[in-house]
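Just so it is clear, A, B and C label the chains in written order, and each chain counts residues from 1 on its own.
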């Protein structure tokens, strides 16, 4: 081994803590701008990919950014909703088909997304474990939900009574987990999917009760004839839907008036998309239609203007750090004057001294770069967190 | 002889196609079409022919309106390319399952204004809501043959979307079917004149669309053809008769002799008019309806 | 042989001057330089070693005019010819005893470390009773052990000239005698020239020549 390199290693090894602190500090300073850049770029890519993969979103008139964030990224922002009948009115035109979305409730911190099987086909979501939705009351969960809550097919999951719309009469529903999706690195990993009707049950728009015509407990029945049966309040409203109970489950009122949050519209082709948007612009529909990629692009542009400020700050910090490092090196050399003079006295040349110091700096720099690379490699794990904390 | 054997083989094969035992997953080479009742199955077969793979997981001995699919049956619906639904909340099981809505075709969506709201509903109340009823609609829409033709058109339109290159063939098949259905309509109109405004009792509330389309005056009870009604049920029957003195009673199937005897004593004639929600023995939809109309014509 | 003639030396920005008309030290001899602190004993040693260069005059070591050599040449000369024991040992704190002793080899490309070198280190260390301390670091050694390491470092490449600045400073009398005996034995064995700076008159026994700086400067 090169003797200067050997001496440099020995120096750094002996002053371990000093070396580690220096390596850590330099590594961190090198990492910060690169790490932030990666977070921003990957966040941008992820968000844009999601938006690009969604042709059109239809929602109630209002803040289009909130509409897109709610529908694409399942951030339950406060937006006015639509009614189920809106779907038929739009699909009747024949330009494509709608996928309804309800995003109001949560279960253990994760959003419950009410939709239908079309959503899974559209997003190409595959079942990793278990099966897809079959009956009302079942749910399919994203990979991350399963990992964080340690759930498997067959387990139960109860919806939270709170909801950001402050709906009264919300019935916590015990849902049966029937499947876990394969990971997609999208917000779908963090969501709980149910059928629309399951969401309506949580809202209290549907429920089950014992079949009154066959009720044998006379204390439950006030009046009965062949046309009607009136029961008293002793009758129990289920808060879970499961297999057998399904037969006596039902909804009240006209399902067409039931609420949904928004609609993903999948046009047949680009021309159909343009024509449909044209119809909305002429006022044929009271709702709004948005192209998600345009909204998200606009959102990202505004947010990432902040990136410029960060970059300037990092440059200044970097320059300051260089100065400080320079000072540290000078002070260290002063402290080591005797040691270096000893080597010179014994027979070391000035070049040799520079070589030893040079190797020390090189090894420190190399280790700092390694620290930077390790931190950089882990950055990808925090993209989701970054998006949720700082962007949406 | 050869033709006879071939015909017999075809009959057997068609019957097998309707057998619940054949719950095999769809062959994905042809688009799979599945229906919620027999009339739609018939229409799809007449129009789609060899272009489609028709599935019908409903067993022969159940009323499709009250049938509930098991997991295997549900999978057939969930994986189908086209699900032909009747509308008017016919297949209630669809309310409780998850389906790819883009593939569900409500064949009566264009005639929703013709849905008949049920008056005779099971009203109940519980909790703080107070009394309410399950709003519903009568669902045997195809018994109004003009609506049946609309349903057939809806089937044709969906198949044309799927097979734009075969539009001509599909249109031709549909026209033939439409002709047959509208012929039923004409026959029914003619035979209904015989019953003009005569009070009729229906064994079950399944004749609403028939009554409305052909001006029949029908009120219904809840009698089963193979059961002797209870005393309460007879009491209800007599109650209706007091203000609705019917001399004719429509049955979905031939009533048991004891019931027929009682009705004879009450001077009430029985007529079988099978709504054909599910396949009837070896009669197809057209044959079954013609037979129904023929039964009515004998009332003269 | 070491010969000095008419050397003048003054540190920059300092009033201190060293002047010496003539000095002759024979090869293989043992010479002690004594005198009070601040009289230039260490300065003389540094001039002889070529670490410092006189403003005037000549210094000749083994026929070589050291003061006429370039810095590199003086350095190479030093590493081959002179083993230097510093007043305060000047061990490298982050090198263990083995590496400290081998330091001359590590800082000069002309000297190569091989198995024999390592064996020499071990033998030398054993002679100075620090053979079991090779993996220890200077901070963990006693004053006397550090001194011995410094001496071993000076002797490792068998230099013909050994210059020791207070080699027994702060040691107890017994250890002083031990160290000097080992040095004298080394000088006898290899025929090296020993020049020692000391202020300890007790240690003068065994030295052939004595240069009294107190008297000398006065003169």
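Everything that follows uses one rule, which is that a residue touches a chain if its C-beta (ideal position, glycine included) is under 8 Å from a C-beta of that chain, and two chains touch if they have at least 3 such contacts.
Nothing here was measured: the structure is a model prediction, and the numbers come from that model.
S.K.: I need the common contact partners of chain A and chain B, sorted by label.
M.R.: none
S.K.: By mean C-alpha coordinates, which chain is most distant from chain B?
M.R.: Max centre-to-centre separation from chain B belongs to C.
S.K.: Report the most central chain, judged by the distance from each chain's C-alpha mean to the global C-alpha mean.
M.R.: Centroid comparison flags A as closest.
S.K.: Could you state the distance in Å from the CA-based centre of chain A to that of chain B?
M.R.: Using C-alpha averages as centres, the distance is 48 Å.
S.K.: I'd like the Å distance between the centres of chain A and chain C, where a centre is the mean of that chain's Cα atoms.
M.R.: Those two chain centres are 72 Å apart.
S.K.: Centre to centre, by mean C-alpha position, how many angstrom separate chain B and chain C?
M.R.: Computed from C-alpha means, the inter-chain centre distance equals 117 Å.
S.K.: Under the touch definition given earlier, write down the residues of chain A that touch chain C in their complex.
M.R.: 3, 6-7, 10-11, 13-15, 338-339, 341-349, 352
S.K.: Give the list of chain C residues in touch with chain A in this complex.
M.R.: Where chain C meets chain A, its residues are 46, 49, 51, 72, 75-76, 78-79, 84, 86, 90, 92-95, 99, 103-109, 137, 153.
S.K.: Spell out the residues on chain A that touch chain B in their complex, using ranges where they run on.
M.R.: Contact set of chain A toward chain B: 87-88, 92, 97-100, 116-118, 121, 132-136, 138, 195, 197, 209, 212-213, 226-233, 235, 237, 241, 246-247, 249-255, 266.
S.K.: Please give the residue numbers of chain B that touch chain A in the complex, ascending.
M.R.: 68, 71, 74, 78, 95-103, 109, 120-129, 131-135, 222, 232-233, 236
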